[in-house]
Every structure is written in C-alpha cells, then in structure tokens.
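Supplied in structure tokens, the structure appears directly below.
We call the chains A, B, C and D, going by the order they appear; numbering starts again at 1 in every chain.
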Amino acid sequence: MDYVYGPGRNHLFVPGPVNIPEPVIRAMNRNNEDYRSPAVPAMTKTLLEDVKKIFKTTSGTPFLIPTTGTGAWESALTNTLSPGDRVISFLIGQFSLLWIDQQQRLGFDVDVIESDWGQGANLDIMASKLAADSSHSIKAICIVHNETATGVTNNLAKVRKILDDYRHPALLLVDGVSSICALDFRMDEWGVDVALTGSQKALSLPTGIGIVCASPKAMEASKTAKSYRVFFDWKDYLKFYKMGTYWPYTPSIQLLYGLRAALDLIFEEGLDNVIARHTRLATATRLAVEAWGLKNCTQKEEWFSDTVTAVLVPPYIESSEIVRRAWKRYNLSLGLGLNKVAGKVFRIGHLGNLNELQLLGCLSGVEMVLKDVGYPVKLGSGVGAAAAYFQNTTPLISSRI
Amino acid sequence: MDYVYGPGRNHLFVPGPVNIPEPVIRAMNRNNEDYRSPAVPAMTKTLLEDVKKIFKTTSGTPFLIPTTGTGAWESALTNTLSPGDRVISFLIGQFSLLWIDQQQRLGFDVDVIESDWGQGANLDIMASKLAADSSHSIKAICIVHNETATGVTNNLAKVRKILDDYRHPALLLVDGVSSICALDFRMDEWGVDVALTGSQKALSLPTGIGIVCASPKAMEASKTAKSYRVFFDWKDYLKFYKMGTYWPYTPSIQLLYGLRAALDLIFEEGLDNVIARHTRLATATRLAVEAWGLKNCTQKEEWFSDTVTAVLVPPYIESSEIVRRAWKRYNLSLGLGLNKVAGKVFRIGHLGNLNELQLLGCLSGVEMVLKDVGYPVKLGSGVGAAAAYFQNTTPLISSRI
Amino acid sequence: MDYVYGPGRNHLFVPGPVNIPEPVIRAMNRNNEDYRSPAVPAMTKTLLEDVKKIFKTTSGTPFLIPTTGTGAWESALTNTLSPGDRVISFLIGQFSLLWIDQQQRLGFDVDVIESDWGQGANLDIMASKLAADSSHSIKAICIVHNETATGVTNNLAKVRKILDDYRHPALLLVDGVSSICALDFRMDEWGVDVALTGSQKALSLPTGIGIVCASPKAMEASKTAKSYRVFFDWKDYLKFYKMGTYWPYTPSIQLLYGLRAALDLIFEEGLDNVIARHTRLATATRLAVEAWGLKNCTQKEEWFSDTVTAVLVPPYIESSEIVRRAWKRYNLSLGLGLNKVAGKVFRIGHLGNLNELQLLGCLSGVEMVLKDVGYPVKLGSGVGAAAAYFQNTTPLISSRI
Amino acid sequence: MDYVYGPGRNHLFVPGPVNIPEPVIRAMNRNNEDYRSPAVPAMTKTLLEDVKKIFKTTSGTPFLIPTTGTGAWESALTNTLSPGDRVISFLIGQFSLLWIDQQQRLGFDVDVIESDWGQGANLDIMASKLAADSSHSIKAICIVHNETATGVTNNLAKVRKILDDYRHPALLLVDGVSSICALDFRMDEWGVDVALTGSQKALSLPTGIGIVCASPKAMEASKTAKSYRVFFDWKDYLKFYKMGTYWPYTPSIQLLYGLRAALDLIFEEGLDNVIARHTRLATATRLAVEAWGLKNCTQKEEWFSDTVTAVLVPPYIESSEIVRRAWKRYNLSLGLGLNKVAGKVFRIGHLGNLNELQLLGCLSGVEMVLKDVGYPVKLGSGVGAAAAYFQNTTPLISSRI
C-alpha cells in the first residue's frame, strides 16, 4: 500500500493520531503472548498505577479499554448514568457535538449549552442552570477539556468552582482526549469524576486503548447506573482486578508494551516538562499565525489550546485545498476544518512526541502552501517568529547536558 | 518487562492470541498516519472487499470495529435486537456462557439450551422450540461456531436446515471468533445473518479489530432494532462508507496495514489450504492425545474442533499445574481449563499461522510436562503418532516446488 | 542506551549515515535465514542486476561486500593494482586524504596532486602528468567524486576526457561514496573502471554493504593484480556467481532485504527524480547559507556539492560548538569540520531519503544555533530563502496526483 | 521477496546465521544515528568492555570490525604476521580448509597438518613439529576451535599445554566462529593470542560484525607485522580508542544496539548457563541421532561439537536431498554437507538463542524427512530419546521461578 509513497518522512501534524516515538514503535514490534501468563498481569499492574499519574489522581480507578475515544465516552456515560438522566453538555465544536449526539442516542436528557464555534463553554449559563436546579435533577456535567475542532480549551478549575459554589452533586465527566498528557490536567484537584483519553493522542501510541479514570464518586454511581453495558462495564474489570489477572477479555499485547514504553518516556522527560513543551510549541505556532496575518479560530486568549491550533483562512481560500496540497506536494498532513468551520479553517496539531524543529518544518510547509493557494504570505515570516520564541525559551535536552 | 525472559522462542499454543507471522509484524512496524488522507480510505476499501472472502459472503456488509470479540458480540446483538427480544442461546462452555451473560445484561430474554461441557449445541431442543414458536417470538438464534473452552465445533449447516425446515424467520447470529479463517465457514450458503471474529484469532494479528459481517436481513433488522448503541452502531459506519472516508472514528493504522498483510498471506496460501492445514494440525494433535492414552474433552467426533483441543487429565493431576510448568520450564504457553473444566483440562490451541514442526515441538513439550507432573507417558509416543500422520499428508510448500 | 533521549525525532543531517526510510526499516525487521536456501540467491540475482542501474552501467560487474566504504576502497585498489604501482591521487579534503593514506599503506607509489581544501581536483596538473607519462607508468587515477569533508564535487566527465585526449590507459577508480544514487553518475559513459559506494549514504540503508562495480577493463586487470587479498578478492565472488549461490561468505540477510526495498523505492521515485531532488535540496541549502551571510567552504560554483554543504563560520566562532549545541538543544545532528577545516566549518548533509520540510526544519535549527553562538543571523532569513526556491520548484508527489 | 513464503515459522537450524531473539530484533529496529555524537562512543565503550567477558579475557583488546568471519580471519593474520612467516594450520574440514587457503593467499608459509574429516586436529604432529623447531621458525599456530563442517571441537587447552611444554613462542590464533559464546572458551587461561568470532553465530545477531580479540603478545606482534592492511588494521582502531571516539570508519548503528541487547540477554541468562544449554541441546541431538541408528560424522566423543552435529547418512541416500526436502516440505533449514562430505552428511546447527522445544520440533522434522527419503526410521524415536534427556536435565527458567 505504498502507492502514495513520497520521499522522506511524512510530516504528521493532524491533531491525532500523532507521531509515535521510535522507542515505542520498537517496544510494540513483537509477537503475541498469552495474556493469562504471569507476565502480562505483572506489567498491567504497573500500567494501572502509572496512568494514574498522568491524570494526576491518587484516588481514581483507571480502566484500559480496547477501544477508541468514542468508546471511552460511552464507557464514561453508561457506567455512571441511567437512561433519562438529565446532563448538561456544551456544544462548542465538532467533537463536543459528537459527544452530545452519543449522549442523546444513549437515552439521556441532554441540556445543551451552545457557544459559537471558536468560543469556550459558556459557564455562566451552566451556573444559572445549576442555581435553578435545587432538586438536583442535573446528574452530570459533560465537558470536553479541549475541543479538537476549534482549538479551544475549557477552564475546568472554574467548572469545579461553580459546582462547589452551588454545592451541586452532579458528576463532572471530562473528555480529555486531546488534553491529557499534554495540557495541565488535575483530576483530583479539580474534582473530575470521570476523565478519559485515547492512546493515539498525547500518549503518542497507535489507536486502540481508551483510557478512562473514575473517581470514588463515579465508582459509587456505577453501582446504580442503569444504562445497559457489557463491553464497557467497569464491573467486569473490577472483578478481574480483584483476581489479579486484570483482563475480562483479550488486550492488545503490543499496546500494553507500547504504553509501558510511552509512560517511561513521559516520566523520563517529566510530565511537567512535557506540558511545558506543549505550551512552547503552541505559543510558537500562534506567533507564526500572527506573523502570517491570519486569525486563530479561537476567539479569546483564555481558550487558546496548546495541543491544536485552528487557523482561519481568508474567505477567498477554501481551507481543504491547503490540506490537500500540503499532503500532495510537501508530504505534510494537516487537519481539515470540520462541519461548521469546514472550508474556513485548517488545523495544526502540535501534540504528542514532537520537538521544535519538527514544528518549524511544518510551519515552513504551511507558509509555502499558503502562497501556493494565493495568500500573500512572506516566506520565513512565521517560521522566524516561532524560531525567535524558541531560541529564547527552549531548554537544553536534559539527558544531554 | 523482560523479567520473564527465557532463551529461545516462546511456544505460543493458547487458543488466542496466536502467533503473528513475521511479514505481518513487519507491516505493522510503522508510525501513525492521518486516517483522513486519501491513502487510508483507499486501503480500507480493499480490506472491506477482502474480508468478505474469509466469511464466504458476497452479500454481507463487513465492519472492522476497533474492539475485541466481546465488543463484536455486542455489536452483533445491539444492532439487530431490541431489549426484551427472545433469543435462543446454547450454553456449552465458558465462551457461550459469557455471551449468554452479555445477552442477558443487554436486556434480552434469553432462552438457554444447555449441554454438558464437551458436547455440542443440542439442536433437537432448538428444533422443538422452533416448532412450538408459531408466533415467531424467537427473534434470533445465537450460537458459537466453535466453543474455545471445550474444543467443540457446532454444525451450522444443520442449524440453518432446522430453521429452514420450520420456515422460521429468526436471525442466525454466529460467534466465529475461534473458527473463521480456520474452519470451514460459509456465511451465505448457511444463511448466517451476523458472523463475527477477532483479529487475534485465526487471522493471526494482534488484538484490536472485531470483524462483524451482516447479511442483508441483519442490515434490515438494524433499522428497527431499539437497543441503545453508538460506538457499536453500524449506522455510523454506513454513513462514512457512503462518504468514502470509511471511519466514524480513528482506526488503528497499524492494524489496517497488518490486516492487509494478513489477508495477503491467507490468499497466497489459499483459504482452502489454510483450512486444510488446520484440519491437518488438529488431526495430528488428536492422534497424539490418543497415543498418550488421554481423552479429548469433546465427547463425540462430530464436534471435534480443528482450532483447539481440550485434553482431559486424570483426576490425580491438576491441569493448571501442566500449564504452569510448561511455561516455567519449556517456554510453552498452553491454555488453562476454564470454569467447570478448570483443573480438569488443559488446552492446545492450534490455530492461526502455524506449521507442522511448530506443533510437534509443542506436543513434545506437552509429553515432557505430562511426565513432570506424574503421568506415565512414553516420551515420543504422541509426537510419533502425529508425525506419522504428517509424513503422509503434508503437501510440499507450494511456493517452493 | 536511551540516556540521551530527547523528545521528538532526531534531525539527522550528517553526511552519513543518513535517514533510513520507514519501508526499508520494515523490510529489515526480520530473523536470519539460511543464505544457502534457494530464496537468498534468487533475491541476490535481482540485486546485482538492479545495482548496476544506479551506477548507470550495463557492462560493469557489481560486488556487494559486507564492509564499509573504507573496505570498498581497499577492494577497488587491491583487485586492480600491484604493490609499487604508480597511481595519481587528488588530495582535496579529509576523505581523499584517508584514501591516499590507504593507497600508500597498501604499497602503491602515490603521486599526490594537492589542492586547497574547498577546491576541486586540479585536473590541469593531472593532464600534464599524463602528458609526460609516455611510458604509461601511471596505472590508475584515484579520485573522489564528491569530497564529503568540504562539499566539493569533481568533474568526472572531464577526467575521462583528459585520459582520452592523451589516450592514456590508466584505470579510473572513483570513490562515489557520497555521490552515487544522489549525484549524476555515469559509469559507462564516463569510462569509470571501478566505482564504489557504501550502503549508509545515498542508498539510505544502515552501514554494512560496500558496493563496488568493476568495468571489463578492471576485471581484466584483476587477473594480474598482485596485491594480497582474500576477503576483498573479486575472484571468490565470481566463483560463486558462476555457481549461482553468489556468496563466498555469509551476507547480512537483513541488508539484502533492505537493499531490495531501498532500490524499489529509488526506482519508484525514478533515479533521475532522486537526483533532481538532491539538486533541489542542495540549492535551497546554499540559498539559505547566502541569506545568512555565510560562505560556502567550496570555493567555486562548479564544485558545489549537491549532497553536503560545508559552511564556513566567522573566525570568532568555533564550529564544533554549533554541532554540539544543535544536538544538545534541538536534537539536530550536523557534521563537524574535519582536520584542516576543523573548527572552521560545520556541515549539513542533504543526501538520501529526505524531503523539503525536513531540510527546512534543519535550516531553522541552524539559524537558531547560529544565534545561540553569537552570530547575528535574522531568524527566518535562510528558511525563507530556501522556501522561496522550493515553492517555485517542488513538484507534486507523483503518486499522489 | 516472499515468493518462497510458507505458513508458520521457518525452523532455522543451519550452523549460522542463527535465530535472532525478538528483543534483539527490536533493538535493531531503528533509524541511523550520527556515530560521532556522544551517544555512540558511550555505548561502544560498554560493548568493548562486555565482549571481553564472552572471550573470558581481562587482558585482551577487542575489535568490532564491520565484516564477516572471513574478514575477522584476515584481521587476525595480517595484524600479527608478515608474508613468508611459517604457520602451522590444521586441515580438518571445509572451514579450516578455507582459512588455510586464505593463509596461503596472504603469503604465509603454511605448514598444513591434515586429518580425516571427522577427526580433530592432530596435536601429536604439532608437538613433533614444535619439538623440531628449535629456531622458532614457526610464528603461529592457527586452529579452528570448532570445525563447523564436521562438528568437531578441538582441545585448545591441550594445544596450549603442548606449546608450553616446548616453551615455544608461536602465537596461538583461534577461529572461534562457531564456538565463542556457546562452547567453553577461555582466552586468558588458554593463552590464546587472537580469538575471533562473527556476530551471526552464537551471539545470535545478523551478520556484520567480526569480533577479534588480541592478547598483549598479539598486540606487540602487530607493531612489527609487515602484512599490508588498512581496513583490518588494529592500529586505526587503537588511534580512535585513544581519542574516545572509537570508530575509524562508520559502524552499523543497528548492530551496535543489537550487540548491546544480545550481550544483555547472555548476561541475564548467565554465560555459563548459555554454555550449559548448548551442551544440553547438543547431547539431546546426539541421542536422537543414535536412536535413529545413524552415525555422527565426528569420529570420537572427545571431539563432539556442542554447536553443530554432522550426521552421516547411508550410502544409498544423497544428503542434500534431505536438506532440500526439509525446506520444501517442513520449512526446516538444515546445513548441507560441504566439499569432501558433500552428499554424505547433513548438519543440524544447535547454537545461539534456541531452546528445547525448538530443537525437538527440528528433530521431529528430520525424522519425517529421513522417512521421506527412504531411511527406515521409527517416527518419534529420536525425539523421544532427546526428550527423555531433556526431561531429566532442563532447569526451570530462572526468571520464572
């Protein structure tokens, strides 16, 4: 299937799946194994302990489900809620839209709070709804930490504060698919009840593990939640956790070793350094966009995403043409605009195992493509702006000092 | 995680996950890719066409779901049935038991037909139930083609014949997890409405794709089935099939390339030759068991499985000790006895990409372990019996003539 | 050995070993094989035929020797010359120096023609020596096609013309280590008698195959050459070529499959397109150097190398500090200045499987490092100049149109 | 190049190249790197220290030369001897023959002591030659530790004793290609002056590193040895050792990481355990041969090789037909008979990373092929005999207790 072969490396800058580090590719380069031998449970035990660190939780219970982010969503919802339950959900872009669609199809009563695409969740409306909900009919707040379609990051600490202000017992369910392991995320501190991510995002693995982490309150809720579930049921996992064999059904051996290697790399770099690197790459990207004279789809700085930047193009340009040409001419993979912003934005994913020069290569490619499609960009302007920032802020690689 | 390292290769003879061929491991040894580029859909198109061949269907619609066999079960059920629907299900071993458990937990009215573990599905009882069901309250027959826990293969052609004899419209849902691509399976000819398998079984891939194939009748049923479903919903796939982008959510790039390579190898060998190879390896295994003076857990020849053999051990031996010692002393991975037959059987999986000498190595290992645990086996007896059969029946490797 | 781990990819821009394409890494990811089975000779046959294409020879005899470029040199010399033979050799940089050292230590009478480092071979002196050599005491002309230390490409067509003008029978031995498969090279047309390269250069493989190609005249010379040789002796290869088993001793199975994959990629792209890509990347690099206000170590345009650029730094900068910081801060691997130009130049290798955005990432890294070490470069200037050239000249990827 | 594809694994039992352990294949699955960065020398340093352990030397100087065993031979000879030097060499099989051929072609005066193929080196004749050599005209004794063509292991301790008895200063040069890391080898204790092996033998790597280790006496000799040499010259290595950059020319990055992983596995198992495993596998093989009623090519037990067994076939069988059928029918790779024993023996290589069940699979394959070609073997007889031995002697895998 190399009929699309191009010389040199593919420059992968979609906001997922992202680049896999070589040591992780190596770790997964293996035959299957008996997952009932003592070896796999022993490794699984370390994985469950260690993924808690990337959620910044000590009290949470993690589940490594052989699924995607969509499945992780479903696991979060069906284990904690019952059909008919009222939930508040924020519609701010394509991925929150899809989650809401799932919530509705799973039979929940979804109270949608909509924002312009490019804005964050409207927490004022949430606050007024909570204020009005003295009967506690609202069972959960569902929110994406980072909307991948528009590059908008919501303020979870503020969500928690509002819930606390109103002493409202609703569960807080967070889609951290394009945030966890890249953005500052604090499950315990922010009182998140279910947080979830997918292996192919900031963890820099192939697709295939939906990682869900449940607070004690969510675990308690799962005991009475009436949604039908089997594959996604936490109960089956808990049964096997207790037995020490961990797996209710066959996991991917390769992904377990891959996750082990991925976590090792993250801890070697330091999770805080990983997050700082994401901030650095994102800031540089935004400086480039500014230098090109283009607008960020994200309307306010407070919502700027450090994992993906959606760039608005002038009306006379069809943004999908940028994505198409980038791939056809420069072996550069960018993200399309989706749904409401289709044709209007293209997206640069800058998450996962990535460094400064990779991003600068991408930015120089974007510049050339912009010129290709008729936008009068000065070549080198965005790269120069990003480089100026990098040159001032990039630390030495700690293992090489 | 090599703290369990042993010299030489692991001899993997659990009935899944199974040995991955080197060319498939190679094909998966790669970075992520943008699944929205033209390359991935183009490859996916060939995969969807080609997996139909391993189900022997031309009219079926295949789905490559990022999940395990358990998820594939759930997809088969929730897309075709509504809560409260009456289904007939056969309890003949641990995996049919788990499927029944899932059916019950998903809200169906499960009419269980139980057999002794070691026997096949009792089709006479099914026939009488169908005979009595003039109102067609039975919506589906759920049957495992091959019960992996006991090494029992059910006769699907006969199931179809009975349905036809009674002109009963119930859907026929088949768990082909440990059969498809290894045993003779004919979706169209046998009128199977949903068939499913998992990538880590006879396809010889890592875990991670649940492959589900639906007949036109099943597709029709999915339009009215009321079970809640989103992640497993066929409708989302169909929408993206129509758009030509194929994926409602992110697939594993690695598994797609792996599946492409796995199918290429199967077609190169010839599907019928693959099936004949499984028959050959299974027959040799059974001859060895006989030579050892041990009994097959499967009670009649008509149910003998060509993918897994469950071997009964004498009462004075605990079968899990065999599995434990095989792994600890000879780097040989065998299957444990499960549930009702725990301690009483050990299992030899002989499915997937495997050849005669690999199996003979395994059989010689089993002999030594049997002796280790006190069973008076003549070393070489089983291997000799198997080899005598192989020496008469093994064809030259066609590419090497 | 990941104690030097840094996040993201290493940017490998030394002039060898170079980046290996993913499909080639995959092809080499395999167990050993019996090299005496029918499979390995069958593949070897295709390799020997196909490597001739990258030398542009139909009459040459290729040898795939398990060695490095240094060994390939030795093979070229010892098979065609006898101790005491007079050879002309050009000293223009570190690698020609090392080859001359080898020639002297192998007992030849080396007539060295020296140039300033940064200049090409002085062909006028060669001409005068040939003119004076009516007795044909000169047995061979030894010349590097591309001096990797200074980025100087010699004009082989002109060398041939001078030999022809004087009807001189000296053998023409060419080190094509950093040229073949990247620069225009025409063994037959230019009457090259022995040409050689190493697998880790433009072929983009690991180190381990010295590829030597001998003209009929060189083959004839090998019959009488008296230099001691066994491991490097072409005669042993010829004996096994005749037998159809090809290998006098064990080859690397992995490198054979890797070479097969590497050649397939080169032919898929088209050798002329590969060469054009090298010209494009090199031109862009030189435009960047110019934009930075720095000088190319290569003193005249006629000698500019399309595989490596040696950049002169101002006297107040120690060039090795640039290399060191690039690696420590930006995960960028550049080439050191060697011997006479140590401390004065750093080198950018732009050969092998590489594309435009990879190079632009490198150039932006160089800009930042230059600023780091105190050179007043305008960030974005070099990248912009290179991108302007690329934006005008880069073709669409042919497989993606 | 999978036109010879056969289902299941290839059973690789040639005496080299041998099976590579999965962790080593993984370690080599990587891009190239700059070998002049600090990372490669740092790793090389550990490799040089650690390979000394497999030679059991503390005073030796190791060289990791990018070559094969043939090149390692040449390195041993040319660095220690001068053309015309008298050496004693033992002709006992194809590999000693080839080494003698090399010695002669490199200009040494080779005093050949010949034995029947199947016998060990005639040390009595050596003793008498040493006795007669009061002038010390004999500069070196060249001996293969293990003749791979006949499965004969020479007694090096005895060679040393004879040299000592006569207080003869000749260098002792040992080809340990098919012995080191598999057979008991003690460089320092036995006063070996140069020992050598190849990466594709007991180290279980791909071909590509010739490992040569020189005693202080050999190092001293290298200062005056007059053989022409450059690629193989130890002096160049020493120069770079001193500089701490280690490599006079480009090494294979992949093989360095592979060697690191291979050594790690050997040390994890324990070198003495590795050697004991080889003894165990070889003993079992010989018991199988005996059970088949066939003869070992090795004429006396004292010479039995623990890395390769050459099996004599009855005169009415052409042994190459066994090798051919094994590959064509059972995907089993055996060694051919070479030269004088062509057609008369086939060889089972049992060296490298291999375990009991792998060997038993091989032995059962040999049994079937023997029957295929008309030899009246009782199937299971050899496997049974081998298994009986294994069942009594195989330890638990230490990491799994």
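Keep this in mind: contacts are C-beta pairs under 8 Å (C-beta built on N, C-alpha and C of every residue); 3 or more make two chains touch, one makes a residue touch a chain.
Fair warning: this is a prediction, and the values are worked out from it, not measured in the lab.
Remark: among chain pairs A-B and A-D, A-B carries the greater number of C-beta contacts.
Chain centres computed from CA atoms place B at the largest separation from chain C.
Averaged C-alpha coordinates put the centre of chain A at 34 Å from the centre of chain B.
Chain B and chain D have CA centres that are 44 Å apart. In whole angstrom, the spacing between the mean C-alpha positions of chain A and chain D is 53.
Chain C has residues 3-4, 19, 22, 25, 29-31, 38, 327, 400 in contact with two or more other chains. Listing the residues of chain C that touch chain B in their complex gives 22, 25-27, 29-31, 38, 400. By the touch rule above, chain C contacts chain A in their complex via residues 2-9, 11, 19, 21-23, 29, 265, 268-269, 274, 277, 327-332, 353-358, 360-362, 364-365, 367-368, 371-372, 378-385, 387-388, 390-391, 394-397, 399-401.
Chain B contributes residues 1, 3-4, 10, 12, 14, 16-20, 25, 28-39, 42-43, 66-71, 73-74, 83, 101-102, 105-107, 198, 200, 206-208, 227-233, 248-255, 257, 260, 327, 333, 335-336 to its touches with chain A in the complex.
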